[in-house]
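Structures follow.
In what comes next, subunit A is part of two complexes: it sits with subunit B in the first one and with subunit C in the second one.
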Partner chain A sequence: MAEFEPKIVAFLCRWCAYAGADLAGTSRLKYPPNVVPIRVPCSGRVEPAWVVDALRQGADGVLIGGCHPGDCHYVSGNYKARRRVYLLKKILPELGIEPDRVRLEWVSASEGKRFAEVVADFVAELRALGPIGAGSDASRVTRDEESTALRGG
Partner chain B sequence: MRAEDEARPKGSPDSMGPTPYVARHENSASPVTRHASRPKIAVYWTGSCGGCDVSFLEVGEAIVDILSQVEIVFWPALADPKREDLEAMPPGSIDVALINGTIRTEENVEMVELLREKAKLVVAYGACAHLGGVPSLANLSTREEILGEVLGEGWRRGPPPGGPEEDAPPDLLPRALPLSQVVRVDYTVPGCPPPAGLIGEFFNAFLSGEMPEPGYVFAKAKALCEECPRTREERVLKRIVRPHELLPDPEECLLDQGLICLGPVTRGGCNAACPQAGMPCTGCLGPTPKAGDPGLAMISALASLVRAGEEGEEAIPKEDEILDQLVDLIGTLYKYGVPTFCPLSPERERAGVRGKASPSPVPSQPGRGRRKGGAA
Partner chain C sequence: MSPKSGDAIRPSSRHGPRIGVFVCHCGHNIAGTVDVEKVAEALARYPGVVYSTHYDYMCSDPGQELVKRAIKEHRLTGVVVAACSPSMHEPTFRTAGEEAGLNPYLVEIANIREHCSWVHEAGPATTDKAIRITRAAVEKVRGNHPLEPLQIGHAEKCLVIGGGIAGIQAALDVAEAGYEVLLVEKSPTIGGHMAQLSETFPTLDCSQCILTPKMVEAARHPRIRLLTYSEVEEVSGFLGNYHVRIRKKPTYVDPEKCNLCGDCEEVCPVRVPNEFDRGLSERGAIYIPFPQAVPSSYTLDEEACLGLEPLRCSECARVCEVGAIDYDMQEEIIEEDVGAIIVATGFELYPKEEMAEYGAGRIPDVIDGLEFERILSASGPTGGEVRRPSDGKVPKEVVFIQCSGSRDPELHKPYCSKICCMYTAKHALLYRHLVPDGRAYVFYIDIRAGGKGYEEFVARAMEEDRILYLRGKVAKVFREGDKVVVWGVDTLTGKRVEVKADLVVLAQAIVPSPGVTELAQRLHMSCLDEHGFLKEAHPKLRPLETLAGGVFIAGAAQAPKDIPDAVAQASGAAAKAIALLSAPALVHPPEVAIVDEELCSGCGICAPQCPYSAITVEEVAEVNEVLCEGCGACAAACPSGAMSLRNLTDEQVLAMVRAALKEAAEVTSG
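Take a look at the complex of A and B:
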């Protein structure tokens, strides 16, 4: 069987992490093609609901990339992002999602290499975790299907 | 997106508190109602505490007026109707069935399917029917864990000794479900139990024939904070406390005082009854359409508010200390909506909430330990 290729949704702040991803591209660095980048104004703009939405819609992992501490274009958005991810990771198991599927990383605009490394590392970790929802055949059913199934037995 | 955003029934301005019940036939310019004769209503309870049935009395004297305008054809809490009585009614012969309680047994399913067939309109009445409600917190344990804990090891379902087979109690479903996961629901009157103003709003609309779009939830689309009289100033959270740990200041916003008040993500419509009494909102009217998932919306808000002095790398350990004061995440953030917002327990098991699936029947302390939440 072909190796499992995890799908990653990456919310990248436009000032640092997205620019870092760009640099990785323009410097022709190789990194796994598993990432779908989404540019956001700031890591502090990323809502926990978006992260869970991405995971519920089939992403195997979500990467949030922001500026290093002290470098956020909006001063403290990345600190807010950190607190959100901290709480999110506490509640994810309760929602049936492994917390390791969410990663927050600081990547500056000049760190193309670091971006490539972060992605490679995350892909390896997600490969080890396996596809989201595996191991429970009920995990992909919609609420309607679920209730019908429950009523059937 | 949802109809309830726009389509509020006439006579319920969003800016004011819940509309008290108005006897339309006495003071309305157009006394004609949609109903040629007195509309037939049914009220039924499934996995219910009984509070919803009693809540009708909350509207006060107006109940006399409401009851004089309707014909009650089925209401187990009032009379003693039998299932056969309901079965004998022609399909669609009941104008509205108000159903409260969570769906927990095979019998619940059969009864609400029967009511759905007999009623033109089905209303999810109360938080249990709306979102699952407090009894659906039981979904944090499996059916086998629950039965084993209550009945002891070696339990089996059956009739009382010597009794006929049909006297066996109905089987439990694997999980508790909100009404909408079992039958089509036309309207919702939310709350635990629904507050008088919203009950009145429903009957005003129903008896006058001016019902909003199907799917409407009889509460505000705006957040509870907008109708809460407490003053918000600081908007900074320096600690998180539980209700028994604090005698709150009578004026100040409870969230600002460190209590987890779900006002920012919960529908208005109760006049902030709990915050006015010094208790944080626990979210019984359900999340606003904007909030969507109440737990995720709330952790987003909390993370924004928490401060341990000047933000920076040095503050991080102290910030985490404050965030760690948020305990019992499901009970606090999803008290009324586990089956609506939190998925199946096998996934939770897999994600390490309870570790290995326990062999049934049951460990002596089902589900203990998971309250600490996952590793951060």
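Take a look at the complex of A and C:
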């Protein structure tokens, strides 16, 4: 059987992480093609429910990329993201999902190398974890229940 | 252009979305690793896509023409260009779309170069990723609405708060550009702290000589309305449209009539400490802060006066030959609409009484830097002779203590006050010039002399003027007879140092002007930093702006600053204000938060999430679109899904996620 190729959705803030991913490209740094980026204005825009939905839709991991603490274009969005992700990771095991499948990373616009490394590392980690539910009989809950539980930042 | 391999035209979906996909080769940059033909083919089969093609260089003129022609021929309702990063050509293709009659917000970029072809090896996985990225962009376009940038009108006046050098400079620049300025100053004269200084470092220009022409210029300027003895009482409104209410206290002296003869102060029976001389001299209840004050008029201090009625005293009115004194003068309320506000409220010195370890407040000959400025000043309480406060003797041994209250996180302020190294060098140097047989000692932690001519100035003080710099902190200052004994350590030699000084000058930390907290609240700037200085919108990229749109900062209100920096920042803030005032209309991106009033419960969770105070909640939440910067923090926090971001709704994101994750085989055309 071919090696398990995890699928990753990345919510990247346009000012830092998305621009960092751009720089990885301009610098021709190589990393695995498992990640599909989605540009958001700010990591603080990312709703925990989006993350859960991505995992339900077949993502093996979700990456949220924001500006380093103190660098947020909107002052404090990254701190909001950090709090939300912290809470989300507390809830994920209840849904039968390993919290390590969700990563919040600070990547500045000048950290192309760091973006490439973060993706490569995440892909390796998810390869080791395998597909969702592979290691446990995760009881799935309905989307409505998830949303009710997870909305509200 | 004739269709080629990969082109797909589908006449279906007459009523649904008609999206066109344009895959760029970027020469080999994309086509070298991504099978662009396959991408175009895959997208042609994607629901909602009616036209899909690929081309060598989509950003070239023929490439843009191709897009424009397709928009018209296929009546496209949305366009996805799969090419380089949106930071490169998003504006290019949005303009092209607009030229073909498509709203620019219906054009999206799928970044398959920086995020795909440049970072992966050629192969099916890379092409597959390009397809996923492009599909997600199609979903984005599908959910986009046509938008127009928000256009708002604005008032054409500028309010400058604070009449120190920063405020004066900002007011002059804005007025020179042709706009009306209200310059509000709370004390009876403009000039600020700079008027109190003797000379300025590193050039030793006489401070008043360079300042007073600017004060007069501001007062005489036809477009500057000077409001001294006034305070901003209320501010409402938002970017470009502020309504301000200013209270002008009565001075009881008609500035038009006052001829500065000074007879009134001579007969005034009241003596109170003179603030301008930092209490080193006295003034009457009727007084002028300093001879060159602007406006040039006496002021009657209501609180110090024996009573504002002829029966109580009225000595001043009796001697005033020109009849300038008017006990019936009333306070004035001025209401104006202004487009921009520049806050230049300046600084104060950290009270020396806080420095118990240096005996300040108990020992009269332990003074702060501004007191020493007054002692050095030719117009000061000692007429420019260096005489100490306690007994008027000329001090022969003077100790200067730097970082007094600064860089002391345990007891006082953790930050560096920036200007003290330089003004202490100036103080010691001027002292040596005025008292050639005197000795000057400077205790310092280290010398921070970054600035044009600054390092040379300190070197001159050390070498030419033989000032003894001692590296180390002072442990104790106490009185012994008529001497002030200073115990310290010279950390370079490791020896204890004792100086029996006649005068000790503390380079007190710079702190924000009192009252700035209240003012910030009035301006709806909840954003003071931990030390009470005004906080800029971004520490690196928006240092002149605040998070309140149209409110700018100048001078030491932001952080400790020397005169050149304060003046430069004031001109910068003025340029920002002028840019705002001169715009025919303020244009704001339309991708802002939007409330579904049906869903909103009015819980108010969103409002505190907003760093721009753009949300107000009464029955339901309401977004001030002009203030909203479109970060989406409110949308992420809303528990009922009522708050959303235009053209980045939950539905759009979830559709994009699905499009990014579905296997190619799962996607079939509708």
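Criterion: the second predicted complex is superposed on the first by the 134 of 153 C-alpha atoms of A that agree within 3 Å, B and C clash if a C-alpha of one lies under 4 Å from a C-alpha of the other, contacts with A are read in each partner's own complex, and residues count from 1 in each chain.
Just so it is clear, a residue touches a chain if its C-beta (ideal position, glycine included) is under 8 Å from a C-beta of that chain, and two chains touch if they have at least 3 such contacts.
None of these values were measured; they are calculated from a predicted model.
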Touched partner set for A:133, first subunit B, second subunit C, both or neither: first
Contacts of A:90 with subunit B and subunit C, given as first, second, both or neither: first
Partner chain in contact with A:21 - subunit B first, subunit C second, else both or neither: second
First, second, both or neither for A:98, with subunit B first and subunit C second: first
Subunit B versus subunit C as contact partner of A:47, first or second or both or neither: both
First (subunit B), second (subunit C), both or neither touched by A:80: both
First, second, both or neither for A:7, with subunit B first and subunit C second: second
Contacts on subunit A seen with subunit B and repeated with subunit C across the two complexes: 47, 49, 70, 76, 80, 84, 151
Of subunit A, residues touching subunit C in the complex: 5, 7, 9, 19, 21-26, 28-33, 36-42, 44-47, 49-50, 53-54, 57-59, 70, 73-77, 80, 84, 116, 151-153
Contacting residues of subunit A [partner subunit B, same complex]: 47-49, 52, 69-70, 76, 79-80, 82-84, 86-99, 133, 135-136, 138-139, 143-144, 146-147, 150-151
Residues of subunit C defined as touching subunit A within the complex: 85-87, 111, 113-116, 118-121, 125-126, 128-129, 132-133, 136, 538-539, 547, 591, 605, 609, 611, 629-633, 635-641, 645, 648, 650, 653-654, 656-658, 660-662
Residue ranges of subunit B in contact with subunit A within the complex: 109, 173-175, 177, 181-182, 292-293, 295-297, 299-300, 302-304, 306, 311-313, 315-316, 319-320, 323, 326, 329-330, 333, 341-344, 346-348, 350-353, 370, 373-376
